[in-house]
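Presented sequentially are two complexes of chain A, the first with chain B as partner and the second with chain C.
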Partner chain A sequence: MANLVIENVKKRYGQTEILKGINISIEAGEFLILVGPSGCGKSTLMNSIAGLEDVSEGRILIDDDDVTYSSPKDRDIAMVFQSYALYPNMTVAENISFGLEMRKVPKDEREAEVQRVADMLQIGHLLKRKPAQLSGGQRQRVAMGRALARRPKMYLFDEPLSNLDAKLRVEMRTEIKKLHQKLGTTIVYVTHDQIEAMTLADRIAVMKDGEVQQLGTPQEIYDNPTNLFVAGFMGSPAMNFVPAKVVEQNGAFALELQASKPTIVPFSDQESLKPYLGKEILLGLRPEMITEPQPHKEGAAFVVTADIDVEVTEPMGADTMVLTRISEAEVNCRCNPVYPTKAGETIAMMLDTSKAVAFDKDTGERIDQ
Partner chain B sequence: MSNVAKRQTSGLDKVLRVALYVCLLAMATVYLAPFIVMLLTSLKDVEEIRSGTLLSLPGSIDFSAWSKAWSGACTGSQCEGMAPYFMNSFKIVIPAVAISTLLGAINGYVISHWKFRGSDFFFAALLVGCFIPFQVILLPMARTLGWLGIANTTTGLVLVHVVYGVAFTTLFFRNFYQSIPGELIKAARLDGAGFFTIFYRIILPVSTPIIVVTVIWQFTQIWNDFLFGVAFSGFDTQPVTVALNNLVNTSFGGKEYNVDMAAAIIAALPTLLVYVLAGKYFVRGLTAGAVKG
Partner chain C sequence: MNKNAANAGSGATQAGRPARLSLADWIPKIVMAPTVVAAVVCIYGYMIWTAVLSFTNSRMLPSYKFVGLEQYERLFMNDRWIVALTNLGVFGGLFILICLFLGVMLAIFLDQKIRAEGAIRTIYLYPMAISFIVTGTAWKWLLNPTNGIEKMMIELGFEDFRFNWLSDPDMVVYCLVIAAVWQASGFVMALFLAGLRGVDGEMIKAAQLDGAGIITTYRRIILPSLKPVFFSALVILSHIAIKSFDLVAALTNGGPGYSSDLPANFMYAHAFTRSQIGLGAASAMVMLGCVLAILIPYLYSELRGERHE
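And then the complex of A and B:
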């Protein structure tokens, strides 16, 4: 168990800056997920933590030790790779015990450790096989076993599930979470899958273009994104961004939308709207905040019922997604499947702006708090 | 209808197939004919050869030409046959092949997985070595060997072959190692393995196909080399190719074609043997792609 501090880490390849000053700090035992689109620098950051790539500037501390210039083997971390990177010439048992052998652990201890790890991951029957004789899911387990066997201070996972099929991915995701709960070790995990990020993380660092856009718990990131990028990246389907005009109504600032008819919705952070009076902002509204009229919410503050024109409906079983258009923007609404929705009709919907967020139209930065 | 169409194409197929085999057989005959003539001639006695029946089978099988070629024929003033030179060749080939293969493997490993500033340039420069004609370096190499004090020695010849071979062996290994995923090396580094441990424990065990290719290539090149052998060998370190040349050029009275042929086959036997034993790995190794892990 170890905490991890990344201080102003920069990485340059010639003129191009891949990491532009990363600051992240997590407690021992936390599950940190680095998430972002391809090329955002998350894998480079991961390699820097592992010591496989040198940083150009900044410091990395593991367990309060400065390891910025330590070699990978001295950092006491284990890594699971996207391609699993199992040694093709060794059996599963040899793969798992290789790291121990390199650290000169006696043979009987190594064997005991292999057995322990194999039991934990239920791969005991595979120990004598070569990697080529394993399925994708089995290789994934062996790769994790190899990391577990050394009992390192910290685990790094580099997109470990992206080579698995959808069903197996969900299973392994749960297993990784269980494993983390059981071991309580610090984990840094890279993914581009925002669902993986939401479900696994204690804390998420959303990255873009070599910068951390936001670091926070999954719920913080979901409810309080700092800018348009984070808001749009996390959540599926994505947050709706509706252009809205700031107007004054009955002495309060409110937002005017164009649903089926012009509609005025209230907004909680009054102060933030003041400078934008008469101008347009982007209102961020999660799909689950636009639903069929729910009697228990009738008359609550920040709840408005409005007519919308249904363009497409997508029944998903648990919910039905209704695609509509508000103020020229495509908007996803999450409805109860029993509510009658049909493409081409105009139906009543309930807009709940209590958790809505507002962004500056030009900068994409959050304007309310 | 479809049945008829099928029968027609299969008839055409058969004709094409026969034509193919005829072509292949003709080619094989052209290739094998010299060897068959050599073999037949080596088993005849001198009288029978003089009668001019080049392609006919020997009247009686006579191995005396072989034993003379091996241990009695004169190569210049010495009359000990091919045997001592045969051994000389092995003394050159075995260390030269081993060293150049090992160096090539390490070079390839470094160039593909431990890139350093300028490693691509280094590789390109090494590649140029594959294209330098042998004759160009004869004089500078002779000076170098003399300066090192190993002119006319087996060690000198081994050095020449290693230097010349490393360009090829590096190319072979580098291309092969390029297909080994870099994550494998990273994983081993995190596991605590160092440069040579990774090479020895992880890279070498998956290198069998390319080692076979390189060994065959180097063995054939070095065994068959005549130019370096004739230029840089001493009187008692001559390789078998040079001895064969001397043997064929030395005659007392009549030309003993049967002994010449037997000596030529003896000189070619080791490379033939290597191909027969490891030929299938050669083809497989040349086309070997990614190492699936």
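And then the complex of A and C:
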């Protein structure tokens, strides 16, 4: 168990700056996820933590030791790779014990450790096989076993689930979470899949263009994204961004939308709207904020019922996604499947703006708090 | 062309014109026919003919008086054949081992992301583009005691320097090894370089994190994963060794005496210049046996591998 501090880390390849000053600090035992679109520098950051790439500037501390210039093997970390990177010429048991062998652990201890790891991951029956004889999911387990065997201070996972099919991915995701709860070791995990990030992380660092856009718990990031990028990246289906005009109504600031008819919705953070009076902002609405009318919410603050034109409906079983258009923007709404929705019709929907967020239209930065 | 023919064939099927269909179907076969005929007659036909002749008493001209295994008995009683076989063992063994070692080392060094890699690769690979005759001639000059390396060293002031392997019956076979290694190790390098490029970079990173140094990484992880490349290189090199004829012809012409003969030179000498066709055919069959002994396990493992996939 170890804490991890990344201080102002920069990485340059010639003129191009891949990492532009990353600052992240996590406590021992935390599960940190680096998430972002491809090319955002998350894998470079991961490799820098592992010591596989040198940083151009800044410091990396593991367990309060400055490891910025230590070699990978001296950092006492283990890594699980996207391609699993198993040694093809070795059996599963040899793969798992190779790291121990390199650290001169006696043979009987190595065997005991392999057995322990195999039991933990239920791969005991595979120990004598070669990687080529394993399925994708089994290889994934072996790769994790190899990382577990050394009992390192910290685990790094580099998109470990990307090569698995959808069903297996969900299973392994749960497995990794269970493993983290059992071991309590610090984990840094890179993914481009925001659902993985939401489900696994204690804290998420959303990255874009070599910068951390936001670092926070999954719920913070979901509810309070700092800018348009984070808001749009996290959540599935994505947050809806609706252009809205700030107006004054009965002495309070409110937002005017164009649904089926012009609709005025209230907004919680009044102060923030003041400078934008008469101008347009972007209102961020999660799909679950636009639902069928729910009687128990009727009359509550920040709840407005409006008519919308249904363009497409997508039944998903638990919910039905209704695609509509508000102020020219495509908007996803999450409805109860029993509520009658049909393409081409105009139906009443309830907008709950109590947790809606507002962004500056030009900068994409968050306006309200 | 085959593809066009196939398309025309399917078009004809749809239009329901069986005459054109059969023509389209025949085109690939007609195109392939000369090659197949040439291969069957010139390779397998002559192979069988040689096998037949090896059981006859043919001397200057083929005769069909069968004498059983007499030619093989004579062959293995023949001192010159035994020298040729021993030479093949020494030459083949050293040639393969040194080529593999040098090729692997060159490939590893070239794979360290060095500058001008393309140019260096070409330089090392280039000898393979030269015929063994040229290699043999060039090395004959280099190794010649009176005007090659020995002369150069003496002129540089090393008066006692002796390098006369070419004229020493016990050492001449090593001259063959030197020239052949010079020619073929670049090719082995190219094979291994391709193999090394296919190694998963993440695997090397994993080994680094596991604490393996660079030598251990190569010895325990990268090279073992190149086993198929080793196998291909081994097969190619060993059949180069067994077939070697022109190198000996150009470099030593079998001499001094017949001390640097290889089986191919023995076969050529007896079948075509010494009017011993039967004996030559028998030696050719022994060489064929050697090649098959290497090739059959290789083909077996290759084909089984394919089925496995």
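A few points about this structure:
Everything below uses one rule, namely that the second predicted complex is superposed on the first by the 369 of 369 C-alpha atoms of A that agree within 3 Å, B and C clash if a C-alpha of one lies under 4 Å from a C-alpha of the other, contacts with A are read in each partner's own complex, and residues count from 1 in each chain.
The rule is short, and it goes like this: a contact is a pair of C-beta atoms (placed from the backbone, for glycine too) under 8 Å apart; a residue touches a chain by one contact, two chains touch by 3 or more.
No experiment lies behind these values; they were computed from the predicted model shown.
Superposition of the two complexes onto chain A shows a clash between chain B and chain C.
In the superposition on chain A, A:Leu52 makes contact with both chain B and chain C. By the touch criterion defined above, A:Lys73 reaches both chain B and chain C. In the superposition on chain A, contact of A:Val338 is made with neither chain B nor chain C.
Look at A:Ala301: by the touch rule set out above, it reaches neither chain B nor chain C. Of the two partner chains placed by superposition, only chain B is touched by A:Pro131; chain C is not. When the shared chain is aligned, no partner comes close enough to touch A:Met316: not chain B, not chain C.
In the superposition on chain A, A:Asn89 contacts both chain B and chain C. Counting contacts as defined above, chain A residues 47, 50, 52, 71-73, 77-79, 81-83, 85-89, 98-99, 102-103, 146, 150 meet chain B in one complex and chain C in the other.
Considering their complex, residues 181, 183-184, 186-193, 197, 201-202, 205-206, 291-293 of chain B touch chain A. On the side of chain A, the complex with chain C involves touching residues 47, 50, 52, 71-73, 77-79, 81-83, 85-90, 98-99, 102-103, 146, 150, 158. Looking at the complex, you find that chain A touches chain B at residues 47, 50, 52, 71-73, 77-79, 81-89, 98-99, 102-103, 131-132, 146, 150.
Within the complex, the chain C residues that touch chain A are 200, 202-203, 205-212, 216, 220-221, 224-225, 227.
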